[in-house]
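Read the structure below first, then the notes.
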Amino acid sequence: MSLDNATRDKLKTVSTATIATALFKRGFRNQMIQGAGPLRPGKPTMVGEAFTLRYMPAREDRNPVSVFLNRAHPQRKAIEECPPGAVFVVDSRKDPRAASAGSILVTRLQARGVAGIVTDGGFRDAAEIAALDMPSFHVRPSAPTNLTVHEAIDINVPIGCGDAPVFPGDVIVGDDDGCIVIPAHLAKEIADEAVEMTAFEDFVTEKVKEGWSILGLYPATEEKTKVEFAAWRKAKNR
Amino acid sequence: MSLDNATRDKLKTVSTATIATALFKRGFRNQMIQGAGPLRPGKPTMVGEAFTLRYMPAREDRNPVSVFLNRAHPQRKAIEECPPGAVFVVDSRKDPRAASAGSILVTRLQARGVAGIVTDGGFRDAAEIAALDMPSFHVRPSAPTNLTVHEAIDINVPIGCGDAPVFPGDVIVGDDDGCIVIPAHLAKEIADEAVEMTAFEDFVTEKVKEGWSILGLYPATEEKTKVEFAAWRKAKNR
Amino acid sequence: MSLDNATRDKLKTVSTATIATALFKRGFRNQMIQGAGPLRPGKPTMVGEAFTLRYMPAREDRNPVSVFLNRAHPQRKAIEECPPGAVFVVDSRKDPRAASAGSILVTRLQARGVAGIVTDGGFRDAAEIAALDMPSFHVRPSAPTNLTVHEAIDINVPIGCGDAPVFPGDVIVGDDDGCIVIPAHLAKEIADEAVEMTAFEDFVTEKVKEGWSILGLYPATEEKTKVEFAAWRKAKNR
Amino acid sequence: MSLDNATRDKLKTVSTATIATALFKRGFRNQMIQGAGPLRPGKPTMVGEAFTLRYMPAREDRNPVSVFLNRAHPQRKAIEECPPGAVFVVDSRKDPRAASAGSILVTRLQARGVAGIVTDGGFRDAAEIAALDMPSFHVRPSAPTNLTVHEAIDINVPIGCGDAPVFPGDVIVGDDDGCIVIPAHLAKEIADEAVEMTAFEDFVTEKVKEGWSILGLYPATEEKTKVEFAAWRKAKNR
Amino acid sequence: MSLDNATRDKLKTVSTATIATALFKRGFRNQMIQGAGPLRPGKPTMVGEAFTLRYMPAREDRNPVSVFLNRAHPQRKAIEECPPGAVFVVDSRKDPRAASAGSILVTRLQARGVAGIVTDGGFRDAAEIAALDMPSFHVRPSAPTNLTVHEAIDINVPIGCGDAPVFPGDVIVGDDDGCIVIPAHLAKEIADEAVEMTAFEDFVTEKVKEGWSILGLYPATEEKTKVEFAAWRKAKNR
Amino acid sequence: MSLDNATRDKLKTVSTATIATALFKRGFRNQMIQGAGPLRPGKPTMVGEAFTLRYMPAREDRNPVSVFLNRAHPQRKAIEECPPGAVFVVDSRKDPRAASAGSILVTRLQARGVAGIVTDGGFRDAAEIAALDMPSFHVRPSAPTNLTVHEAIDINVPIGCGDAPVFPGDVIVGDDDGCIVIPAHLAKEIADEAVEMTAFEDFVTEKVKEGWSILGLYPATEEKTKVEFAAWRKAKNR
């Protein structure tokens, strides 16, 4: 399991921006799920291992509404199988013309203890989903049933989402800037580094508000910055 | 007239998502006005018959600001002719680079009792329009005068709006997910079916919040679901 | 200097929509920065002379994180050199896949008295930037560091931003509809005309709310309109 | 009638590029049909008055294949009514996912003496259409029947085509660069000016091939250029 | 097996446009692979059962050039496993920024007797691939190695290609208009109907060239048309 | 000078695809000028150092046709200053709605011994430019004068072209797949490596045509491949 509790807790305290820089330092440039934002900004940071659903284009004869009479339909099965604590990630091929899911399914995910949901398409009943405690991310609201353009075809396989590669078990972090994908084997070290970086960024923000120039401060190319940061950490116990 | 008061009242209680599914069952897959969202979410559901305005690309010599000195200019004429209770639907060719209208005209529509307005372009003075009671839908704010890229050319003809076909008299319903077009001859039966579907969806949502699995519940493939729903309807008087 | 205090004060009281029309009358059709909206709507109108930063596509070998150890790096240098009262305008080639800047740099701009910032890309730490008093405009949030796709290459040269031409010293005005670029030599006359237009538009809005038709009122083709407007101005002292 | 034979003949000898500049001098910036190119380059220049067909998005219940049993169906009617010598211009809302027309209809247009056809969508049977003598212009080949996404709704009304305004009777000129729309009332003067400009451009091209610099030559800011051009015209009898 | 030799032979004689109409009559509106055209027009019609390769976005650490040292790499494995007579269909997520394949791999497919290849991305070495006898279809040439943005992840699973659903074993037909996907179970009946339709279309084309109006001819609403067509078929032995 | 004659000659014998892989091995993923193809395929490979022109969006008052009366206008100046043997690279902000240049200017470049031209916009008089010996690359033909949407603002500065970073002096190579940018300091080593790779690819292509599997051959993981390639090189004197 890639995501121990300590790592999860650390990731909840850092931003996707900071994680993006930590990944960039290791050569990762495409881990951001492009174009998907929060249905309601300001929720706690979403953290969880990816559990994926892959949609393909819908063919009319295979996708009448009666397909959902089948309990083994991949969309409904995925909703019931996504582990508590995981993030449900949907590959909608960046097509928001029909819904990736609606409020009933997303409410069920929340009831099951899922950490959050992200699609590179759109959700229907977007206002209801936004009102849930569970964080959710999409491109834009979209009322038509998924059957209009999507057929759920695969559960928990590697997918693309918003041009980012997502493997089952990768760690997804989501905040008001959107969602980022941390390769599973790097979750712990990225979390550790991001916590360190966040301490420094918080210090820098404080100093900038006090009127310091960013030159010499960010990055800390002046000795004075290093000294003050050390003192700040001690004082703040970080 | 396609929209009697009972139908209008019913449609005000259902969502565009539910309507989309009811239309999908009848073979309609492209009735959603794609890409246009509410200027201010959370307003009451907009319902009304479509009254349309068609824009074409503006030619410079035909579109100086002085055109509005002509009281018969189609844009201004349409604003004054749109019937109370109707929805003003603008074909802006999905081009939000210039405004489809501004707050003065939209305020006039509200004053005249119009039910709402939707464009597949953008509005200027978007904050003022958002603050009106009347619902409004667009792609994004856009300050330039419509004359910059649009010329109003036809009033109340069949148009495209956000890739959806809109015929005068079709019934437009708009909520936080966007706007959907109900063919005029189907308004009553869609309203009736959507009210029924909504009752069931409300029941399902309640049960999901109580912890039920969606399997067997949504759709109601288990006998238990049917029995409980019947009891619920009776209890709720729906 | 193109922007005297009187002009600045006038521009703070008018809308980008009104300015767009005043520019349109003079033959300017492309001065709106297309696609960039406010991170937080409802802030006071942003007014200032453009100070520009040009990004080009990032080449991997030139853009490790260590570049910021160089105090003369154009991005950081620009942040420290942008004059108080100016608007920082970033040419991100309409590419929001990586950040144009983050909250630390934007906070520094505010601390330095800069009037606001606009990019045709996206900002990281968007929630923090939105929470600042200083107005800010972008396409959408974007967590990845700018180095991922952008290299800052030129300071205060003529640029494109959202398909609009921006010359250093042009006057940028931003409100909830977005940002518009007033050519420097026209700032004063546009401000004067826009103030006049705004008075009339406010009068018209009042009358429309009272139930007047727009025909004869907007534009003022009826004598009655002119008479009442004159009275209104006198009464309102405008 | 906007297009007399002399004007038509002149326009056949000039390029869309030259016409575009002549229109630009008169303040017209959007007369090019953007994105539509020739199915087969190298055909003679297409010239004719616009006869238009407007498509709207197709609604499934209105567009089974049986609609063509109706002889008055606007698509078929338009094909039979387009005057000989005219250019058939189709507003396909820039959507090439389904055909604007196929080889049988386009062959019929040729048989009827029509000057050419242009759509901002695509044609099916593109190879057969390309092989006809009559020039044709589209975005890309598209096999699906027009009924899939288009419904022909209006004949010979003002339309947009590739973001250009097209009024019935405007003069359409098409060559390997694409198609341009000359407002009807300007056809004669644009033709005259373009013929003059073409003479000069041909002279310039000859001189450039001989090794002249463009400075002083293009435009003719040096006296020597004017003198040589005068001699050239006399010698060439142009 | 969905594709017997008789069906294959029939499909080689009909166009994707005709097949599209036959599919449309049965309710299929999205079977065209949108945006992919032939690298070299004029080749014989491509027919074969789909053998698919799915790409996902590439993650840098998983996609160095050394991956091809692994003989089991899905891209190379797929090339060697695609059955003779099949069409190799690549889901490149409509992203032509890097190659879906190059001339060596495509030449190998031809050597192995594969019927053709189609991607919704691009090919490198496009000129060499165009020069092969085997038909090939893409969006545009693209020199960068697939590893730049694609990772081959699945062989012969259901995919999307150019927004069309493709299941292994579906029949792909490609001509100058592009590629269409016939659901496997319909291949025979579509082939039969398309052959009939083609006979009539050839007759109609002949008559249109002779000067007949399309009214009454296409579709055959006049008795005369039916009589002449019957005679034509007999004479032509079709 | 980055480009000695030996390097230039080597680069003329290799493909952009091979160069892209050599660059990819060194960590360069964005050096392809995306979206620009040859006006006429089949010309010799274009090689030369980049000489750049930067366009910004045109402002109407600054861009009447009379600007070209000024001999120092950057567009005309650049044409006359571009060194023989260089490649003229135009940053048109990926906007082909107006021409980046026309046949007269491009003919002048050829007369001056320039190696070729590439824009991420379009050319007017595309047929004439295609007919020149000098290679040329663009997105699509575009008849309107550059003044319509472009103002030439900078000569020989770092630019973006088709999302690729281009620095003056970088080496541009163009063939039927498009154009790639080799950082100046790497030109020699990339040329050397690409020549080696090309020898191997030619060998592989020969073997594939003879019926070899790609497994073990490409890459050369089998001893047999290495032995045969060594023999082949000796025999071919490569």
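Each chain carries a letter (A, B, C, D, E and F) given by its place in the written order, and its residues are counted from 1.
Note that a contact is a pair of C-beta atoms (placed from the backbone, for glycine too) under 8 Å apart; a residue touches a chain by one contact, two chains touch by 3 or more.
Being a predicted model, the structure only gives us computed values, none of them experimental.
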item	value
Set of chains whose contacts include both subunit F and subunit C	none
Minimum number of chain-to-chain touching steps separating subunit A from subunit D	2
Chain pair among B-C, C-F or A-E whose interface repeats that of A-B, sharing over half of the contact pairs by residue number	B-C
Same-residue or different-residue interface between subunit A and subunit C, half as cut-off	different
Approximate Å spacing (C-alpha centroids) for the pair subunit D, subunit F	31
Centroid spacing, where centroids are CA-atom means, of subunit C and subunit E in whole angstrom	49
Where subunit A touches two or more other chains at once, by residue number	29
Full enumeration of touching chain pairs	A-B, A-C, A-E, B-C, B-D, C-F, D-E, D-F, E-F
For the subunit D and subunit B complex, residues of the former touching the latter	26-31, 56-62, 93, 95, 151, 153-154, 157-160, 163-165, 183
In the complex with subunit C, residue positions of subunit B that touch it	65, 68-69, 71, 76, 79-80, 97, 99, 102-105, 107-108, 111, 124-127, 140-145, 147-148
Contacting residues of subunit B [partner subunit A, same complex]	15-17, 19-21, 24-25, 29, 32, 34-35, 37, 41-42, 175-178, 180, 201, 204-205, 208-209, 211, 213-216, 218-219, 221
